[in-house]
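Please go over the structures that come below.
What follows is a pair of complexes built around subunit A, which joins subunit B in one and subunit C in the other.
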Partner chain A sequence: MNEFLQQILNGLAIGSVYTLVALGLTVVFGILGIAHFAHGSLAMFGGYLTFVFSTSMGLSFFASIAMAMPVGAVMGMLIERLAYRPVRDAPHINAFIIALGLTMMLEGGNLLLFGADQVIIQTPYQQVFDFGGIFVAQLRMVVIVTAVTLVAVVTLLLLKTKTGKSVRAVAQNRHAAVLMGVNVNFVSSVVFAISSALGVAAGALIGALLALAPGVGESFAVKGFAVLILGGLGSLPGAILGGLVLGVSESLAAGFLSSAYKDVISFLIMILVLLVMPQGLMGKK
Partner chain B sequence: MRRLISNPLMLSILVVAFALAMPHAFKSPYYIHLMTLALIWIVLAQGQNLTQGFVGYVSIAQAGFMGIGAYISTLLTINYGVSVWATLVIAPLLTGLMAILAGYPSLRVKGHYFSIVTLAYNMVIFIVLMTFRALTGGEAGIPDVPRPSELTLFGHVLSFEGRSNLNYYALALSAAVLATIVCALILHSRAGRVMLAIRQNEDLAEAMGVITSRYKLFAFVMSSILAGLAGTLYAHYIGFLNPEPFGVDQSLNIILAVILGGSGTLTGPIVGAVSVTFLPEILRFADSFRLITYGLILVVATIFLPKGLVPLIASLWRWLRARQSIPSDNKPTSKA
Partner chain C sequence: MKFKTPLTLAALVISAALSPAVHASEEVLVLGVNDALTGGGAVYGLPQANAVQMAADEINAAGGIKAGSITYKLKVITSDDKANPTEATNSVRKLIDRDNVKYLVGFCCSGSTSAVASFIAKEDALMLVGNAAERAITAQGIPNVFRTRPPADFTGSAAGTFVAQKGARNVAVIGALEVGFYTQYVDAFEKELNKVGGKIIAKEAFGLRDRDMTPQLTKIRGLKPDAILVVGYVEPAAFVYRQAVELGLNVPRYGFTSGSEEQFLKVVTSAQMEGVWDLRPTELTIEALGPQAKAYDANYRKKFNQSPTPSSPYAYDQVYVLKNAIERAGSAKDAKKVAEAVRTLPIPKEAVMKYMANDGSAMFDQNGQAYTSNGAFQWQKGKWVFVSELPSDNKAYSQFLRSIRK
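The block that comes next holds the complex of A and B.
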């Protein structure tokens, strides 16, 4: 039983990172209809950047993340402006192929800048707490708290600010929003900045919790989309629930079945959900 | 000459004749090797084009299905002594069977999400090939994959052994021609028309009473059968099999080939496959930038050349013809 609870707790930590990745994907998809597949590779770039800031400049973990997030936001805005905006009125498939091209470029760039060796971001949060037989690593708690805070901040931004309101207006009805005087280009830039900054934070958390390596970004992008499929497209609570479900089931699979096949199992869950309830856990019929 | 080019049948005969003459013109074994690989890639790209170009659903699992074909064929020949000639038929069909199982759930989602699910398939296939060592040999791979046995044709004994073998080149060429013919037949059939209708407006096609899921599955399975054929040809040509060429990166390269040539056309995948095979040779000076360059080409081509190289080549050809004919027309006037 303890082992079971232990695995669930581990799953919640990684699941909260999945939610963070999925949140970045879902705001972009909701506003611009783009499956921004390069998100995972951009997150890895952010993770590497955090690593560089903390090792070479001696900054603390959170200071490094805070330095890396604006860099990621600027990159996201550039990507939107240079790569996605030219194909905004073309068929959606073109934007997706561009996303694949951007993934190749970012992966290639990461490889060139940071090498092929795996990198782990060292943090001072190395304590382990014992709660009646269940061991809780401090780092996992830090990861969960950071992810929850970021999700809450972004949700508040979207719900309470004027810019957030215009973002939601564009998501609901682009043409009506334009007629009401919403600047769609500005909204697109803002959305990409927020999404990419979230991605950078997720990349840093992944680097601390697991490791950064070539190809990890792609697998996180796929898992982010798996979360969206699980939770139901365009549903914010769905993204949160889906992320936690995916993280926990993956962690249980790794603990009790086979750690080599844990990714296979998480994809099987996604395929099963598609078969049984294609609208996802929280999606509308 | 112009009449020859504009007639598709004559054009294809010209292309095949050119492909047959190629090895005799370029005697270098290295070029024959590259051309053989390019022909195998044509099979792969024609398959990819069925889903990506005709139906408008980008599958990111083509390299994975290529791997399934390659491994099925290799394991059948090595473990059960099945002839390569038999597995050239069996392996693609078994790959198609796998594609039915994979396609049924994934085609329930539309657009981007289908792509993501197929990407997950490719990852699963890659993980299984890497981890299931008892069967696949893992990363160390399977050495000594046999070539097809000798064939006696009209009294000639054809051997397929050795690097840059001309008979294997001919085998790959016939596969590429077969794949192109199959795709042409599909395109001009009712199924092909429905596929194009799905690409243009899936909801409308459904409203007209077409069971779109059936046609999408058909395209996906045919595409995978061609991938399986390409994988079989590849495994028995290279002679050594490990999971490396069947990862997600390779699937992205196949998408690049179709986009670069021109998706939704029959000539596009041919041009794209040959370009992508020869691209690393041209970009050899920038090997560490290869991934970035490929990605950049993909982005730039999608923005500025969404129809691919083929229409560009065609208009370039027309422009050259026009330039040639204008001076001769103008000569009398300039004299006067």
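The block that comes next holds the complex of A and C.
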């Protein structure tokens, strides 16, 4: 029982990172219909930036993230304006190809700027708590709490503010929203800003809990898409639930089946869901 | 050029005829370094290439290689194989066909090296392998292939004996088990452990890119091992050591990872690393080796402005092996004759690594394999400390190697 609970707890921390990544992907996909594959690499850039702020400027972990998030938001808006907007009305495949190209550019940029060695963001949260045999690392708790907070903030933003209302309107029906006077260009920028800010936070958490290195961003982007499919494309609650489910499933599969298949689990789940429940756990039919 | 008079012509002819008798002729001998100079393997390949250059410069400064009446000055050319088998094949082909290289050194990485080993027997060349640990490279017994680095399972057996002596009987293994030589290390380790009645209770895997090994470690924790063995690349291994502490897995941790203090401290604190063992070839460990090693370390730092990596001397020693073999053979023209000289060569006095002699005090055994000593290192207060040598029997291993093909 102990082992089972420990695996679940371990999985929740990774799962909350998946949720953050997926949230960034789902807002862009759900509202703008773009499969923003480059999100993973942008998240990595945000993580590296957080590392630079915390080491060269001596800022605390959260202060560094707070400084990196606006930078990420601006980069996201630039990407939207320069890379995706020109193909907004073209076939979706064009946007996907651009996303792939962007991924390569960002990965290359990260490699040039930050090198190939792995980078770990040091944090002061190094304690470990023992609850009767179940060990909880303080850092994992911090990751979960941070992710939950950010998700709550974004949800409030989308549900309670006027901007959020405009965003939801575009998600429901873009043409009608235009007719109602919503500035779609503004909404696109806002969506990318939110998505990229979330991505930066996810990257920073990955950098603190695990490590930033070439290739890590892409694998998180793929897992992010698996979560989207699991939770339902465009569904926020779906991204939240899906992320946690994926994290815990990976942990349980590696712990009780085989560690060699840890990554395979995410793909298996994707395939199963697409076969049995194509709209995802919380998607609309 | 117009010969003004027959006298000038005669003078020229006479002086040309006299030259060889006045001083020995000098030739340039090209050494081809084939290694991973870029990409993931460069951490091993680049330092090897540097070491070869350093050795060549030293030899040239001391007058070159004197074989018979010819003095050879070494010229080093490097070729990048990116630790990729296809690139390695092309790279060596170019060295042999285009650059007429007969003497190939370097070879840090197993995948690319194995690809070259698969065709080198047919070539008029001599191949000296460095850091690549895959056993099959020398198990095949190719006459013109020699390796300065011992196969991984040679170290694995020694490690198994050591851990068994420490009293462990239920060991859980976690490692990069899809990589051939790590599995070979574990298999050899297991054999020794079984001899004293111990067993391996789990074999969990992780990949080069993995950073979260808590599921595997949680599973291992549930099995209640009395020790864990971590085999794999330093970057993920560091996470294993940290996460083991975070999960309350308080048993002795043995490893086969190599890696400098800086590489570990990026991920795990010194307190969390305290007591971790690394059971590997002694390689370049100043306190375990002699004055040769100290000189190598100092010269390398001066020449390249960085410290030498622990495995770089495998390539440095290759050059001195060649030097001594060519001098013994009397000429560098016939790669086959030089190979025969290498086979019976005693350990060169210039060698940095500590080699264990084979039959007839030869450096290499029947399969062209040399054996360096193995050591037990322990993390003590922020540094890797050499504790003792691991009991290793290279003669027994050599017999075993002769009996297999891979």
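Rule of thumb we're sticking to: the second predicted complex is superposed on the first by the 283 of 285 C-alpha atoms of A that agree within 3 Å, B and C clash if a C-alpha of one lies under 4 Å from a C-alpha of the other, contacts with A are read in each partner's own complex, and residues count from 1 in each chain.
The rule is simple: a residue touches a chain if its C-beta (ideal position, glycine included) is under 8 Å from a C-beta of that chain, and two chains touch if they have at least 3 such contacts.
What you are looking at is a predicted structure, and each value in this text was computed from that prediction instead of being measured.
Of the two partners subunit B and subunit C, more subunit A residues are in touch with B.
In the overlay built on the shared chain, the residue A:T26 is in contact with neither subunit B nor subunit C.
Looking at the shared chain after the overlay, A:L100 reaches subunit B, while subunit C stays out of its contact range.
Contact with subunit B, but none with subunit C, is seen for A:L274 once the two complexes are overlaid on the shared chain.
In the superposition on chain A, A:G108 makes contact with subunit B only, not with subunit C. Once the two complexes are laid over each other on the shared chain, residue contacts for A:S54 go to neither subunit B nor subunit C. In the superposed model, A:S219 lies in contact with both subunit B and subunit C. When the shared chain is aligned, subunit C comes close enough to touch A:N2, but subunit B does not. Contacts of A:S188 after superposition: neither subunit B nor subunit C is touched.
When the shared chain is aligned, subunit B and subunit C each come close enough to touch A:A260.
Comparing which residues of subunit A touch subunit B with which touch subunit C, the overlap comprises 215, 219, 260, 263. By the touch criterion stated above, subunit B contacts subunit A in their complex at residues 52, 56, 58, 60, 105-106, 108-109, 111-113, 115-117, 119-121, 123-124, 127-128, 131, 248-249, 252, 255-256, 259, 288-299, 302-303, 306.
Against subunit A, in their complex, subunit C makes its touches with residues 40, 177-178, 204-207, 209-216, 218-219, 221-222, 235, 239, 245-248, 266-267, 269. Subunit A makes touch with subunit C in their complex at residues 2-3, 6-7, 10-11, 14, 116, 118-120, 126, 128, 130, 133, 135, 137, 209-211, 213, 215-216, 219, 250-256, 258-260, 262-263. Contacts from subunit A toward subunit B in the complex involve residues 29, 35, 37, 83, 86-87, 90-94, 96-98, 100-109, 111-112, 215, 218-219, 222, 225-226, 228-229, 233, 260-261, 263-264, 267-268, 270-271, 274-275, 278.
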